[in-house]
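Here it is, the structure, as structure tokens.
Lettered A, B, C and D in written order, each chain numbered from 1.
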């Protein structure tokens, strides 16, 4: 009965439109008057709300560049607050996909939510574009034909640091993160390349999420006296960790390395404590690429504040939609054709151009960055065109 | 003696289940609304079990979501990953195991009462939350997936296909009806008589020779395993479980729903769940700051509608109830 | 006293440093009304609460029909046959008078753990409850909500509930508290009837009633046993008058 | 673990415990005197921290911000008590739970509306920004020691207020017997307003002084609230002394368990609480 209803729903407007065409002899094809529906599933409340906002801004900027119409069709946004609660993810996804019949669903920020979304979008007639959540499995074991990611996998952001750390002369390292997926995946990826290069992870510390009382762990690090520390923290936890690390007097003595999120959007709150922290990531605010400069100028003009990584990833999700729908000349009903286009596209991203792997994760360059004057400054390219191994993906 | 406490309850229950029975015919094919209704009905079962505990037994808990989450986890952990198991058999397992856990937990928390019980249930729920959130084998913060939904045959006959949203909806509706009937039966039973007594006046019940601990424990186990059943349905609906199901705000929200509906009225749990979720859905589409309006609404309700919507309906119909 | 049914030996109940009951020895005989009097704070209510198991004794022994029940749980005292009424009306206000007695009677009949049997189908419980109501003269109020009957009737209901548990001993804590003269008369005649069948331990401030009803009286002061004797002897005992006049402004 | 390390960890634990005490003291005071369980206590902590951020940025002085934010917190406390809590004195705990959950929703929205959702930080005031060298590698930030000192000052002044002043006498009387206080001719509604405002002030104070060492994020209040509950329950609801002892125990247990028993560190304080309640269902210091 599902199909019958759907058929009915698409037949009716088509008939109406056909009548209109015969009257007005418009040049547009039947479905060109329908908006392209873009569901936006981001956290607008709770801990991740800031990231949700940036992502949405970036997404809207990309589509605004197209005049909010792609191939003659207007773009309609349907925004839903995930509250970063995984338990709500399936329900909201179902609302966007089954009720609103969104062509694209952009979201989420949080990996747990991503898992719930993937589960409910599997086999449905919508395309999901993940603008942040880095869970390896999203384009690994759980990869789906209709799921793309414009951000990164956790693996990509931490793997290059292992080799870099060893090359910097660090042999014994303590790793530390929150005890959750993103953190553990980052530590594992770091461990993989660091031990392959010949280094040794002397201790791995997992802090219960979202605890931010780090004193006892820092004391422990001080007693181990490793060559360096590699950590994964993001957002508020990252701010707190970097400040505490400095306040305990460890910064000058034991170099602090991290996955890029440690200093992404947090350096202002961290203040001088973040100076000199070295991280790897697929983007840096100061990246000297023409596209990045123009993107950041426009973003600041539109929203009155500087762009960040999350804005870039949202922007690329928008570019991806625009480019794909343009390529199919406005036809969004044939999702298989859309997906095929998306797989072939090269996205001209502010982070540098990238295209998608078989598992639909960006093949992208990872930069080695250092905080200088509160800015993540690129020291060098850590690994060029790095592809996630997509372990467990059968695409 | 009628199973209903008053006229408004009778009218509401008849109306609700008749409408519930036929509404999928009008929503034909719109899986979103059917899913949404199923979700709210599952929530209503959860809220009802909490309402029984808080409103009928007088045991206030802020950790009821622990059992909601456990229901989902027990199934996901027990069932083989790539094999359809029997729904009814696993319903039995889920309720049995969660009931057993509730028995152990009850032995601890029921030693306390009032505000202490509120806090210790909260703490135990947090502990369970962290147990699953930190675990490696149970998926940590990201939770676990259910790859194959159970089949529902009884003696080889299968009426329901859980992959079909409408079928699943009817399963939820049936469950809610059973749950309601079950609570009404035990409320009117000899057991219910003692529970009524110990809720109003535990000291007197003791003086009359009742070991109130035993009665509380049984009520706690019953309510907890029904909460687990609701969590089990929730896990089946979308095919995954997550520690977030146990988080304390789920318990708190459920309490708000029970209160909105009218504490202790049991059928009020249905009203509360639908009103809260309806408002949430509506306000969320209006503004990003929906929490502000929900918060204000809760405060206004607490200060004005002391008996919730069930009490309000009863006052409207002029009934006093025969309890 | 040959027919002693309840007995306290060296009973003590301390609240921190306060000795509410101090080495108390007392015996209660079957089919007698034995009242406890004494100034405020003498420990009368504490004694009742300890005898019925609500407060565990600090030390000492409670003997019931010759056996120690000191270590029973609070709810087991009632099952043994020791029923009590409360000083402050302590009934189930939301339930009918009949239901109040049914709750009491069901404990004795059993089946309280039956989740599915409708409570109204057990006729023997209803019978006991009805007869308890009848005993106290409340049979006309069976279907009225307890909250809606008069204060005096609530006090009667309080006693009916105790009777429905089929006790041997009745511990009554100020059954006439707050009552008018006429209401008190109802209780007095009720107690006169009841003492033919039960051992009654009465704590009461209405001294006229106490003197009228009691077979034996015990005077307590400061948690200690002062004297136990017949009404006549107590009335004329200078020690007793001293205890009241000397320690408290309450005079009878 | 060598001795010096052990001692540093002990310092960490005590310092964390003292901060927990500061947060929990208001909750337990309000409960002890008024019988009100304020779930929005954590939100007051959050609001304190954000106010401190706002006024530090505005005035450039943390100490000025400290004074302004504290006064605003007192005002918020008075308003909430006068307009909302006042209706709850005759109600059961459940209504209190629900009303204060409503308050949590509202404060979270206000926070998000006014200050946005990006993590914010406050600079440690220059006067207190140095560190003290403890071992060859570990330094200890002076500001953290300052917080500990402040917590001790608060604890001592609470002790003195409760035991030596008229207000304290009324508070003690209010804890034991409300009717008696009224008979003594004390204006109980005024007393409640004062006590509730002090409770809110203490929570905000904790937020204000923590602002430079935590990151300000949405939802920071709820996390604190749960730890606060554990402290208050272990100590015995309403007992200030209990909260003090329990906070230190929780702080120390949490610190050592995160190093020695990392597998169960997130559960450790809840386990501790369950164990203590098994032995003492009313907490350690229930009067």
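The rule is short, and it goes like this: contacts are C-beta pairs under 8 Å (C-beta built on N, C-alpha and C of every residue); 3 or more make two chains touch, one makes a residue touch a chain.
Every value quoted in this text rests on a predicted model; they were computed, and no experiment measured them.
Shared contact partners of subunit B and subunit D are A. Compared with subunit B, the chain whose C-alpha mean position is the greatest distance off is C.
Look at where the CA atoms of subunit C average out and do the same for subunit D: the two points lie 48 Å apart. Inter-chain spacing, taken between the CA centroids of subunit A and subunit C, is 74 Å.
Averaged C-alpha coordinates give centres for subunit A and subunit B that are 36 Å from one another.
Subunit B and subunit C have Cα centroids separated by 43 Å. Counting only residues that touch two or more partner chains, subunit D has 108-109, 112, 266.
Residue positions of subunit B with contacts to 2 or more other chains are 130, 133-134, 291.
Multi-chain contact residues of subunit A (touching two or more other chains) are listed as 45, 179, 206, 208.
Contact between chains, per the stated criterion, is found for A-B, A-D, B-C, B-D.
Subunit A meets subunit D in the complex at residues 45-50, 52-53, 179, 205-208, 210-213, 215-217, 219-220, 222-223, 225, 235-240, 243-244, 247-250, 253, 265-266, 268-271. Across the complex, subunit B is touched by residues 31, 37, 39, 84, 87, 93-95, 97-99, 101-106, 108-110, 112-113, 222, 226, 229-230, 232-233, 237, 263, 266-267, 270-271, 273-274, 277-278, 281-283 of subunit D. Across the interface of their complex, subunit B is touched by residues 1-2, 4-6, 44-45, 80-81, 85-87, 90-91, 94-95, 97-100, 111-112, 115-116, 119-120, 135, 179-181, 184, 206, 208-209 of subunit A. Per the touch definition, subunit B reaches subunit D in the complex via residues 54, 60, 62, 108, 111-112, 114-116, 118-120, 122-124, 126-127, 130-131, 133-134, 248-249, 252, 255-256, 259, 263, 289, 291-292, 294-299, 301-303.
If you check the complex, the residues on subunit B that touch subunit C are 1, 185-186, 188-194, 196-197, 200-201, 203-212, 214-215, 218, 222, 323.
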